[in-house]
Amino acid sequence: MDILNLTAVSLGEKIKAKEVSVKEATKACLGQIEKQDKTLNSFITVEPEKALEQAEKVQQKIDAGELTGPLAGVPVAVKDNMLVKGGLTTCASHILDHFHPAFSSTAVEKLQAAGAVILGKTNMDEFAMGSTTETSYFGPTRNPWNTEHVPGGSSGGSCAAVASGEAIYALGSDTGGSIRQPSSFCGVTGIKPTYGTVSRYGLVAYGSSLDQIGPIAKDVRDCATVLETIAGYDPKDSTSVKRDDYGFTKALTGSAKGLRIGIPEEYFGEGLDPEVKKSILDAAEALKAQGAEVSYFHLPLVEYAIPAYYIIACAEASSNLERFDGVKYGYRTKEYEGLHNMYKKTRSEGFGAEVKRRIILGSFVLSSGYYDAYYLKALRVKALIKKAFDEAFEKYDVILAPASPTTAPKLGESLSDPIQMYLGDIYTISVNLCGLPGITVPCGMDSKGLPIGVQFIGNVFREDHILQAGYAYEQTRTMEICPLCR
Amino acid sequence: MANVISDETMEYVGILAKLELTGEEKENARKDLEKMLDYVDKLNELDVSGVEPMSHIFPVNNVFREDEVTNGDGSKDTMANAPAQKDNQFIVPKTIG
Amino acid sequence: MAKEYETVIGLEVHVELATKTKIFCGCSTAFGGAPNTHTCPVCTGMPGSLPVLNKKVLEYAVAVGLATNCDITRYSKFDRKNYFYPDNPQNYQISQLYLPICRNGHVDIDTAGGKKQIRIHEIHMEEDAGKLIHDEWNDTSLVDYNRSGVPLIEIVSEPDMRSADEVIAYLEKLRMTIQYLGASDCKLNEGSMRADVNLSVREVGSQKLGTRTEMKNINSFKAIQHAIEGERQRQIEELEEGREVIQETRRWDDNKESSRPMRSKEDAQDYRYFPDPDLTPIVISDEFLAKIKSQEPEMQDAKIARYQKEFDLPEYDAQIITSVKKMADFFEDTVALGANPKKVSNWLMGETMRLQKEKGMDQDQIPFSPENLASLIALTEDGSINSSVAKEVFEQVFADDVDPKQYVEEHGLKSMNDEGALRGIVEEKIAANPKAVEDYRGGKKKAIGAIVGQVMKETKGKADPGTVNKLIKEILG
């Protein structure tokens, strides 16, 4: 039995059955990190001793019957924009490269309460701004299926870690596709829940109205199980929502019968790689065979989602990142003359190019004379896009879509043309603008041997529909195993 | 309709964002901003008159806390990451000349 | 002929609300903690922290809005005001720009120039900044975030005031109203009430507003008066000399009695306001409004009417006693102990306010208990002490809150109204003043005053003047 190939739920069962100890599981992942991470660079921080110490404590609690949940003892990796007390949280930025938070994020606390063993903090695009994990101050992460290629982003480290068996599952965050797109590139499953489902307390903000934490794992059951653990109303997050039901695993019926699935024609036109297209449409066929009602429809305004998104996300980011100023924490420039020079040098040296690019755009669109023309306009367009989705969900339970127009590009191919990179977010971004849940499930490989993922999008608070669709689809195929795990 | 960003505007945005860009970096930032603005100007194709701007997606309102002290002395955590400190306060360059 | 100028003034008044905790976190608002002890991730702008609104802040803001005749905004939001400064830990202040909680109010003021209405443009909620201390030795500043996140309301008036007198009357009215609501103690000298003065001048008769300046850092009524006079003169001089007034923010220096511009080019004053995505909108229901209304305490006008009716107090007295909530409360407490209302009012308006003024105290600083004032009044009413002794005893009550009864006994100040004991002294003084006796008998009834005076002196003021008068008249027939 190879621990690294187990899902979180099956490893949890084996730990409960005493077939595997928590320490063995932890050591297996640490061993894989040791072996692979010099190449992959999935992690910014790994703390083996702390992980093994945790493993021991969790084992005691399991043995004492105090921890009985499905994730007890299962090793996890956490994206480095979520605070974990007792170590570093860097957001993959020079400006925070020595930052020790005084508290843990709510999602991490919930995982720890469920007996998770935290292996370390994963690499990402700096402040989650990027689609390739190349904007990290700590260097890019590589795709475990082919290390010439990027893992996607911004949760590229978390997705690469799960794909390569460096972690059994991981937490990511998704502001414009940052869980779903790298999940697709790395052949893993990742879900972005409805906005407000998982507390944002302790998540370093990029675009506050768009950010959500979500699980990245090997399959749909793992995602549903992890989501059940980390979701919940949090009085510390004013935007967190009190939901009636957090029983996500109940949706895993294994059947797609009666599910109304809509395919937006606009998502399958120009720009979509033919291999990706075929793979996605095959997934639709498979679900049809499972009893789902599948049909095409027109989803208007698709091409306006990206400009609206970048205005809103960059405006919020420009404000959220103002706190990094060299006064209270983080990097401060060595030499400066007076207060404003200190601010400018600290921030110019502390932030990377992509972060600065977005701060500049965000500051500009909010500045005097432009607010109405850009920011307010984007908020109006967002209202129209939301309306379009509301109408679609009157007819459909699930919208089926690609997660990205292509499979993972090679390292260095994307950053030279930012707009081209932003266009890659076309299938994922509306979900964030409208607060919808979306899940990516592996659906095949291209001719280069790179994974393809299919995305299921649900109406707000209808994770059950996309989990049902994803799980039913998953039952129709066998999971590819990443070469590094074989 | 191409956007042109002047030196003054770049300087001004630098003041707002507290970023100091020089030479090539500044030129690239200017070009990026111009390109991005050209791109987002696509929104002008849409008639949005009469559409209310949507800042919050859900009608979640009135999230409050009670007026009860829940925090104790937080100074240790507050100062833990300070780049420069004195007597439990953050040191910054002189603010008033 | 010299031109005549009119001063046009609008005020931005910041008031610190009397909540126990900060606006967005559970840190204490108590004064005087060691630096950064009243802080947490939220009020120091730590990454990953999120704000949650203190309900009491909203309740106070709405209460002040209702008491100043504002429309309450039924759908209100918080916005971020973005600017870099070290006392502002997030480098944005959470405030309200687009949908402030209260709008379109007014208060009535009364000055020597007559009654007038000052319109309130809006009231919004926001967070206070931290404190900067300047370390002159090292050419640095030190930041303390204990005050960061303390709740404020900002009350923005229309430019309706024309003189320092009107400004002070407006501020006094606001202070009185807010103190009555218990929403703040409104102390200018301690910074719990702060006024920024927007001032412009224009030629008398002109309808167009001149260019205004904003003056900050004014922390007493006296400073407000000086700042307004100074800025008016400065602007007139600029205009007279053919220059323009520049729209700018100026910092008032009370020691130098002058102001100077306080911004550099690094402060673009372009705040890039946008709705704070971390906070949800506020929706005010009819029930919420009704609840706040029902909690409104009896305000000054109602008290004035009631004091006249219930206690037979003259309107003048009622007005002065009620001008400060604490004094009104003190008055009612003392009367509740059985003291004569008019006598209580006399002690408050007379000796109390005289001593407060003498000692540079505020009108709400009453350093003694209602019990001791009531007891002092009782001693005067039952004739135990006469009025001059009473004043002497009151000074001790004011200084040390002494028990008047005990004090009078310990110091032997009780009135001598025993006729037997006084008769001898009276006879002695009559014998010693034949001239006065002659005058009295000749019809000058006031002449016996001299004899009374000497008796009082002999008894060290303890003799009851009524008894002495009676005895003299009796003996002289």
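Labels A, B and C are assigned to the chains in the order they are written; within every chain, residues are numbered from 1.
Following the convention adopted for this analysis, a residue touches a chain if its C-beta (ideal position, glycine included) is under 8 Å from a C-beta of that chain, and two chains touch if they have at least 3 such contacts.
Worth saying up front: this structure is predicted, and the values here are computed from it rather than measured.
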- Just by CA atoms, which chain is the most central one? B
- More Cb-Cb contact pairs, comparing B-C against A-C, go to B-C
- Task: Can you check how far apart chain A and chain B are, centre to centre, with Cα atoms defining each centre and the answer in Å?
- Result: 23
- Message: Centroid of chain B to centroid of chain C, CA atoms only: how many Å?
- Response: 40
- Distance between chain centroids, defined by C-alpha means - chain A, chain C (Å): 56
- Message: Two-or-more-chain contact residues of chain C, please, as numbers and ranges.
- Response: 41, 44, 52-53, 82, 84, 86, 143, 266, 270, 272, 274, 277, 279-280
- For chain B, jot down the residues that touch at least 2 other chains. 12, 16, 18, 55-56, 60, 63, 65, 77-78, 90, 92-95
- Would you please write down the residue numbers of chain A that are in contact with two or more other chains? 99, 102-103, 209, 235, 238-239, 318, 322, 325, 327-329, 339-340, 343, 363, 367
- Any idea which chain B residues touch chain A in the complex? 9, 12-14, 16-21, 25, 28-29, 32-33, 35-37, 39-46, 48, 51-58, 60, 63, 65, 77-78, 80-84, 90, 92-95
- Query: In the complex formed with chain C, which residues of chain A make contact?
  - Reply: 82-83, 89, 91, 96, 99, 101-103, 105, 200-205, 207-209, 235-239, 315-316, 318-319, 322-325, 327-329, 339-340, 343, 363, 366-368, 371, 375
- Query: Which of the residues in chain C end up touching chain A in this complex?
  - Reply: 41, 44-53, 80, 82, 84, 86, 89-92, 143, 264, 266, 270, 272-274, 277-280
- Of all residues in chain A, those that touch chain B in their complex: 98-100, 102-103, 195-196, 209, 235, 238-239, 241, 301, 303-304, 307-308, 310-311, 318, 322, 325-332, 336-345, 347-348, 351, 353, 356-357, 359-365, 367, 374, 376-384, 386, 418-419, 422, 434-435, 460
- Under the touch definition given earlier, write down the residues of chain C that touch chain B in their complex. 19-21, 25-28, 34-41, 44, 52-58, 77, 82, 84-86, 132-135, 138-145, 265-266, 268, 270, 272, 274-275, 277, 279-283
